[in-house]
Amino acid sequence: MPQIIDAKTAASLIKENERIMFGSFLAVGCAETIIDEIVKLGTKDLHLICIASDYEDRGVGKLLSKKQFKSAQVSHLGTNKAIQDQYNNGEIQVEMIPQGTLMERIRAKGAGLGGVLTPTGLGTVVEEGKDVLTIDGNQFILEKPISADWAIIKAEKADKMGNLVYSKTARNSNPVMATAAEKVIVEVSEIVEIGDINPEDVVTPGIFIDYIIKA
Amino acid sequence: MPQIIDAKTAASLIKENERIMFGSFLAVGCAETIIDEIVKLGTKDLHLICIASDYEDRGVGKLLSKKQFKSAQVSHLGTNKAIQDQYNNGEIQVEMIPQGTLMERIRAKGAGLGGVLTPTGLGTVVEEGKDVLTIDGNQFILEKPISADWAIIKAEKADKMGNLVYSKTARNSNPVMATAAEKVIVEVSEIVEIGDINPEDVVTPGIFIDYIIKA
Amino acid sequence: MDRNDKNYKRTLIGKRIAKELKDGDWCNLGIGLPTEVANHIPEGTSVFFQTENGMMGVGPAPAQGEEDKDLINAGGGFITAIPGACYFDSCISFGIIRGGHLDMTVLGGLQVDEQGNLANWMIPGKMVPGMGGAMDLVTGAKKVVVAMEHTDKHGNAKLLKNCCLPLTAKEKVNLIVTDMAVIEIKDKRMHLIEIAEGLTVDDVIKATEPELVLPKEIKYFSI
Amino acid sequence: MDRNDKNYKRTLIGKRIAKELKDGDWCNLGIGLPTEVANHIPEGTSVFFQTENGMMGVGPAPAQGEEDKDLINAGGGFITAIPGACYFDSCISFGIIRGGHLDMTVLGGLQVDEQGNLANWMIPGKMVPGMGGAMDLVTGAKKVVVAMEHTDKHGNAKLLKNCCLPLTAKEKVNLIVTDMAVIEIKDKRMHLIEIAEGLTVDDVIKATEPELVLPKEIKYFSI
């Protein structure tokens, strides 16, 4: 059963040098309240796993603006000047990953698989330095699972068992990240009693959730 | 957009020697009405992909009782004497697949992946004849995607765009099979108008569905 | 009490395994003997049971006449859903299993050996029902517990130096609970943890093929 | 009409690509120029648009003041949902894309070559925004259409024998629609299908690096 804690406590759990997955797509479906607390704490040398770098004043971009990440695995950083500057100056190391591959590598970790065999990136720079397997005459890049110490996700509603439902496109990477980190913290707009979410409608089963924050 | 047809028409689409995925777990979540029509037609030499062989008088077991399959990929056949006899007599070829691996191989096909890297089956007969890859010091069996000409699935409700919701444990393999076949036929208890299913509650997006049968 | 009574053995084993579960644990019980565990969860302890056909939060069997045709467990039996239950597809279900998210799985066994190998799905020459979800469960759960009788019906050992039946999974078993003993597998040795009340260490040694690592002090478990 | 007007070009290209869509098609439009396609779907034709951040059934932009903070497209712009829309997570979304379930994807391009190679995500020496979902889309969709101007702002060809910019995907482009021509890639050749009204075949040949396979009869497209 997950613990219900406040955002400040959640932020204090995150230590330097830890790997963090943040659910977010251009700051939609992002745990902004927890991020604000991590900004306040100023925890440094974090590793970012996120679809994109969001905006300088929204989403994970707020942490990037404060230079709290030393490295990142993302699919896009075109919307945030902070990371672009740090990237150009060599202040942050970035692995650029096709978005579908990023999602699937995270899923592989969550589902106990050894990697992903994808055609995406064949014949491009993405292929460089990776094994390419030929299976029944077709080529696939072997991409390795991505793990993290923490997933910090955003859902619309949680019951006290940690069962989650999301809101529209704020769902994005949150459900898959919930499966792949050592510990999962979810920020929700509403906490309801056990039994108040229809069992058919649960998107993320509570088994994946360790901490719930109401914000 | 899917076509709405009747069960008899659906059954007539299935031809000899075709590969068919049937959603079902011990005959729960199974398109019984379409199966009855395929039994009536007597279409032979089909290939079965299903979690289990169900019961002699329920689920895919009805087709097995009529010896309509020449081969099968299943994880369990302990509940059905018909397939056991045919298996022992060599009348049906059976590939026995761990259930999680079976699901993941079907998903791989549906998601455009080249295969599955799983630890399940290492050091067992399941490993025989397959490539074993060592990735970062751990071993994984390379399991290939499973495709089919048809997926015949059961859902509770469809809207006319083919968006589906399921009922309880009758969901089982149906959503994953919906992604992996050339054509997908769904048998539902109810067809509703477009817009009558909450977009948050859709489990199988309509893009995967070709034919809807109300039964 | 009749030590050879099936129900006695079943209760003894189920009750002992239930003690391995902590409040808030997520667990999968195999069909047959393992399901007995659910009947012995201590008052005040919440344990959530998965059924691999696609549900978390399995409740007790329904009253007769209250069965829901769409609500079954992995053995095909009718079940109920507790408040807080949720449904998911088989692919997500085995993601939970293979991904190491279950605190514990309990399965029956034909043979277990010192390496932690388990054989429980196939007897050569006999009809093979299939491994179903067993291989994934044994491979993926954080803690793998085998629930079985200590010897077969002819009195032959089922705890062996090396399994001779086809394996379900390699080096994955953590704990064996039988009608005679609780045995932990660690560093490729069988460690005797507890013995059933009324038995001696010698009784267990005689019924077990590999050499047992004995505890400093003998503890007992009972029905 | 000013052939060099950005809006003219945008409308010309978007309208022509819209004709490639059949009733009931499922389609993904990249950000920028490709979004124009949605404005030209013929009356009576239903086409369903995906946005890869997790939705099928994208509707028009909301009226000002009606924006929903949780409802955006892959470019970050506010959208609406049509009746019959559904939401899913990014992993399922890219399963739809990579798994070949989309009838068509339309993307912008920096360069396309005879092999059907596309470069559209990176200019060495310049800031690299990242490929986002573009590599998956070009790899996975049944039909890949590139929407772009025929030449760059200096008048240099963008339809080349060999792309010199880093590729987005190899040998995946099926159709190129520009402000000058509609060109199909087949058997590693560029086949001229239609030219923009007011231009000559020679105009297109001059603005294109590889040799074009010419049609028996010239067809024209217009705004």
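The letters A, B, C and D name the chains in turn, as written, and every chain counts its residues from 1.
Basically, a contact is a pair of C-beta atoms (placed from the backbone, for glycine too) under 8 Å apart; a residue touches a chain by one contact, two chains touch by 3 or more.
None of these values were measured; they are calculated from a predicted model.
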Between B-C and B-D, the pair with more C-beta contacts: B-C
Most distant chain from subunit C by Cα centroid: D
Averaged-CA centre spacing for the pair subunit D and subunit C, given as whole angstrom: 56
Geometric centre distance via CA averages, subunit B-subunit A, whole Å: 32
Whole-Å separation of chain centres (CA-atom averages), subunit B against subunit D: 35
Interchain centroid distance [CA atoms averaged], subunit B/subunit C, Å: 29
In subunit A, residues with contacts to at least two other chains: 104, 107, 111-113, 118-119, 166-168, 199-200
Subunit C: positions in contact with at least two other chains: 55, 81, 87-88, 94, 97-98, 139-140
Pairwise chain contacts under the document criterion: A-B, A-C, A-D, B-C, B-D
Touch list for subunit B against partner subunit A, complex: 104, 108, 111-119, 133, 135-136, 138-140, 142, 144, 165-168, 199-201
Residues of subunit D that touch subunit A when the two form their complex: 51-55, 68-73, 76, 81, 87-91, 94, 97-98, 117, 122, 127-136, 139-140, 166-171
Residue ranges of subunit A touching subunit C (in the complex, touch as defined): 1, 107, 109-113, 159-161, 163, 179, 194-195, 197, 199-200, 202, 205-208
Of subunit C, residues touching subunit A in the complex: 23-24, 26, 46, 48, 50, 55-57, 81, 83-88, 92, 94-102, 139-140
Interface residues, subunit B side, partner subunit C - complex: 25-26, 28-29, 51-52, 74-79, 84, 87-88, 96, 98-101, 103-104, 106-107, 118-126, 166-176, 203
